[in-house]
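To start, the structure itself, in structure tokens.
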Amino acid sequence: MTRIFKHRLIWPIAALVALIVLNSISRPSFLSITITRGQLYGSLIDILRDSAPLMLVALGMALVIATRGIDLSVGAQMAISGSVALTIIADSKTPNSLGTVVVAILAGVAITLVFGLWNGFLVAVVGIQPIIATLVLMLAGRGIALLITGGFITTITSTPYAVLSQGHVLGFPVAFLVSAIAIAIVTVLVRRTALGVLTEAVGINPSASRLAGVRSRGIVWSLYGLSGLLAGMAGILYSSNIMAADANNAGINIELDAILAVVLGGTSLAGGKFTLAGTVIGVFIIQTLTSTITFLGVPPAVTPVFKAVVVIIVCLSQSQRMRGWISGLRPPKRLVVTTPNETPIATNRTTA
Amino acid sequence: MSEGPVVEVSGARVQFAGDVALDAVDFRLFAGEVHSLMGENGAGKSTLIRAITGVLRLDAGTILIDGQPADLTSPAAAQRAGISTVYQEIDLLPNLSVAENVLLGREPRRWGRIDWKGMRSMAGEALARLGVDIDPASTLSTHRLATQQLVAIARALTADVKVLVLDEPTSSLDQDEVAELFRVIRSLKEQGVAILFVSHFLEQVYEICDRITVLRNGRLVGEYMTTDLLRIELVQKMLGREVVDLDLLASRTVPDAMSTESEPIVSATGISRRGVLPPTSVEIFEGELLGLAGLLGSGRTEIARLLSGVDSIDGGVLRVDGTATHLHSPRDAMLRGIAYSSENRKIEGIIGELTVRENITLALQAQRGWFRRMSRARQDELSASWIEALEIRPSDPEKLAGRLSGGNQQKVMLARLLALAPRLLVLDEPTRGIDVGSKVEIQKLVTDLVESGMSVIFISAELEEVLRVAHRVLVLRDRRVIINADADSLSLDSLLAAVTKADA
Amino acid sequence: MSQTNVAAPTPTAGPATKRPPRLRIRTSWVPVLAAVAILIIMFLAAQLYFGRFLTPRLLSSLLVDNAYLMVLAAGMTFVILSGGIDLSVGAVMAFTGMLAAKLLLIGVPVAVVIPTMLAAGAVSGLIIGIMVQYFDVQPFIASLAGMFLARGLCFVVSLEAIQVKDPTVLGLQSTKLGDFEWYLTPTGIIALVVIAIAAWVLGYTRFGRTVYAIGGNVHSARLMGLPVARSKVLVYVISGICAGIAGLLFTSYTAAGYSLNGIGTELDTIAAVVIGGTLLTGGSGYALGSLIGVLVYGVIKVSITFLGADSSWTRITIGVLLLAFVVVQRLIVRRANRH
């Protein structure tokens, strides 16, 4: 077991360690963590805190990708949940009461759960390709968010709400704790129940799973719901950070970062086997990369170039052709055309 | 003919991820002859055809065209070398017009612009030669399958054809259309075209072919003149002869409960599926081992899939324990105690990237639902006990199932289904493509299961195997049950004759 | 992905030899006609509601204002017909615009700048195409990388907007041919020419038909000996070149290069192409349909402005329309597959 674990995560961990070493060489303060009034501060803590929204989104994305799907609407869903929560708080007479904030958060997350289930319905029941089904909400979602906020950037002042991003509990930023709890819950949900292995079975081989009696429809459907729910929570964290519902910019391009994190962590885009631990590491890699780029004085706007380079390297390293070249063998001689219906059959050594 | 063969394959070997699909096969095709390639599932027919038509490359061996080494690196290269192909699955473009399907890639052009008018008339002529009169401008998908098959043939004929490969070209044609096709084949033959004709219809093979090459399990059995080879001999060569003595199974006990008064656990009355199986009736009793015998395409797999909910039935009534039921999915069937193991182990059986343990527990877990996970201890116990009972090797439950040999993968699939404790187990070619040792073990296991009261439907291309393990045998030909009799009352020869059609 | 998915009616069960004497409308035109119908209904509804909608000026501006989108849609049509998708077009459009603005600023002659824009677009398309074809990267991911790259490179060129003062570039938009009511700008003409060329290439060249073949069933296309690899790469190159042209049109339209130009344009483009009747799974559709799709998009945008409603309704309406089209396509395909 530990051998498999090692094997699958060795590269993501190596990449993360390399990034951290690189950082700590170029700025020795990178690794230092200070404690002020019982709260932890430092670059690493910032990374933990800032990675929270991406972490939530990436966890959902990993599961959706495992089913051979993809969820492009997560960014738009973040915008929606933030808009709903902040509109509720802004319209409330008691924006500072804990009750209002809890209601707002639940409402924001509930609505994205519904949207997530809608995506799942389109994919699992209607049978639309995942890219397209979620593209619809990616397109319309921000519009919906803008409608909710009335086209303005709703800003609020609400102390309990601000705690989500600025507060500390047990010395750690609340946002990080939220993402840690999400990791724990999702891990338990997936690995303590049979959801994980059934999802993998469906992702690896849908027809064999059907013949084994696996009901893939419900699984796929609910995982899109989960992805929506997690995106909703990410939207809450994001809006708490800026104390504003910015329908246009909340979670912009986060779907891409999330996909990247999942792939970096070692989960194949083709579906099947997934690793939550790898995804978590992938998120930290991306966040550290962003932090590094900022530190290097590169304008944050140029970050996409680095991400693009990483995407290209990762995708190429996953491709058959590249593997063939690297392993020094002749390029994999294979079928010029592959037929889905043909299976090679092992020979039977029976002689006539 | 004094000349050498147009196509000469020698020592062909093709391997897929460890499995040998073609091993040291020689094959010759002469100008002006119709040559048939015969063999059961997995014999290597498709692989050999794909090598000749440039779809895949040989791992070892050579292909000579007109005595020259040929570089068949792609279908396009094969076409340039004069090899035209009509594939089994009609590989056309349903979204384009008939004319394009006939001519795309060599369409008439003027100044780089496709000459649509010229193209339509050329396609129309090509189709007319096959006796087809359809509008070449119409979309291909608007025509029925038989017409599409003729369009595919028209495409193959418009090229400058030296070698014509026809892989199951008649599977959806009616008699008149087949006659028309044969007329064209004969005229091409007279023009000196070398024709490779693959069909599972023995009648057609004997009607049109001059020479037959038989493959079995990826190896060459032999090359024969059609006139020298009796049908029964052909079938025997295709199906092979078991060399191992199975005295293990000698003591077969036929349960006495299988009398007429007892209720069958599953009874199908006139079940059918459009385009797949005409109305067919089957019954199976408790503790009975029912063998299904027949050649490829005889309907043996189709019946199994309808009985176990994999494909749903259009007509007829299926009764489980006397109650009429409609099975919507394999899951439905499993809940009623019917489990199906597919002949297609890689695509419909094993989940290769999951471990042996996960594969074995999958069906049981799926039945419990995702929420009620089997504890790890229970999984370990279950998989360990099945690994031991079925002697799955290697015995490591954490090994990825895809890494196991074919025979062991088959056992993993069986373990998965047996863990459900089904009442009826439907096994579609459980012993195909696995080594002799595993084969005997599986046969033994099946008879043991039946003795313990389970009912089993056992499908095999090997008649001897069916005859040996089964209590009762259904023989299928052309998707119809032609014999339903006790195994004891049948001999291998009578079975062979029935499968082959007796009047030969 | 490459399963054959084609909108087709129930195959006639009768003998194939009889030619039915019926009006011959190809099924693949049905979605296009549906888009035309929607366009007409929207025109009429808007005319009834606003009173003065169907004016020559408005119709002219509909064409001119959406010229860049038409060009993008023309390129995207190739990609989607082949069964792929290109998410990079908005970013590539912004990048080529930015590059042009910068080059013009440092005094490079316009005769050099414009070919450079097209070349930049072509190169980005080539990179995506090679990744898709030779490294088996999903089109979605490959073009995403292209999008990241182009967007980031925009900021490498300049963080701020760069004004464009070159008379040739500006003239493309400001030159109004025609009278005061009916007019057309060079940008509009370029857009129409691009659509016409796309329609011709798709309908009348071997490459065009190969694109349909690949989208219909890539496996069959290969077995037929069609140049699949080359065509698949070329499709992305074409889309890239179109993004370059769109960059030119957009720069001339806004008189500036700006890094944030065209964010989300790839989605508008995809929506327009699908609404115009191109099957997202590939193999069926027309460049002319994409033109209609862009016009539908334009009318929605104008109507929402006329209504004084929030502009976010544009995206929502487009999203709903896209969904409706995709679901209908799916149902048609499902019915066709049943036979």
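A few comments on the model shown:
Each chain gets a letter, A, B and C, in the order it is written, and its residues are counted from 1.
Just so we're on the same page, contacts are C-beta pairs under 8 Å (C-beta built on N, C-alpha and C of every residue); 3 or more make two chains touch, one makes a residue touch a chain.
If you're wondering where the values come from, they're calculated on a predicted model, not measured in any experiment.
Taken as a graph of touching chains, this assembly is complete, with every chain in contact with every other. Distance between Cα centroids is largest for the pairing of subunit A with B. More C-beta pairs in contact connect the chains of A-B than those of the other pair, out of B-C and A-B. Centre to centre, using the average C-alpha position, subunit A and subunit C are separated by 30 Å. Mean C-alpha position of subunit A lies 43 Å from that of subunit B. The set of subunit A residues touching two or more other chains comprises 336-337, 339. With touch defined as above, residues shared between interfaces to two or more other chains in subunit C number as follows: 219, 222-223. The multi-chain contact residues of subunit B, meaning those touching 2 or more other chains, are 55, 74-75. Residues 70, 122, 126-129, 131-133, 135-147, 150-151, 247, 256, 259, 269, 299, 301-309, 311-312, 315-316, 319-322, 336-339 of subunit A are the ones that touch subunit C when the two sit in their complex. Contacts from subunit C toward subunit A in the complex involve residues 85, 131, 134-138, 140-142, 144-149, 151-156, 159, 219, 222-223, 259, 267, 270-271, 280-281, 310-316, 318-320, 322-323, 326-327, 330, 334.
Only residues 4, 6, 8-9, 11-13, 16-17, 19, 24, 26-28, 204-206, 209-210, 212-213, 215-217, 219-227, 283-284, 336 of subunit C touch subunit B when the two sit together in their complex.
In the complex of the two chains, the subunit A residues touching subunit B come out as 1, 192-195, 197-198, 200-201, 204-205, 207-215, 219, 272-273, 333-337, 339-352. Across the interface of their complex, subunit C is touched by residues 53, 55, 74-76, 78-80, 85, 87, 91-96, 100, 104-105, 107, 109, 112-114, 116, 132-135, 137-139, 141-147, 150, 155 of subunit B.
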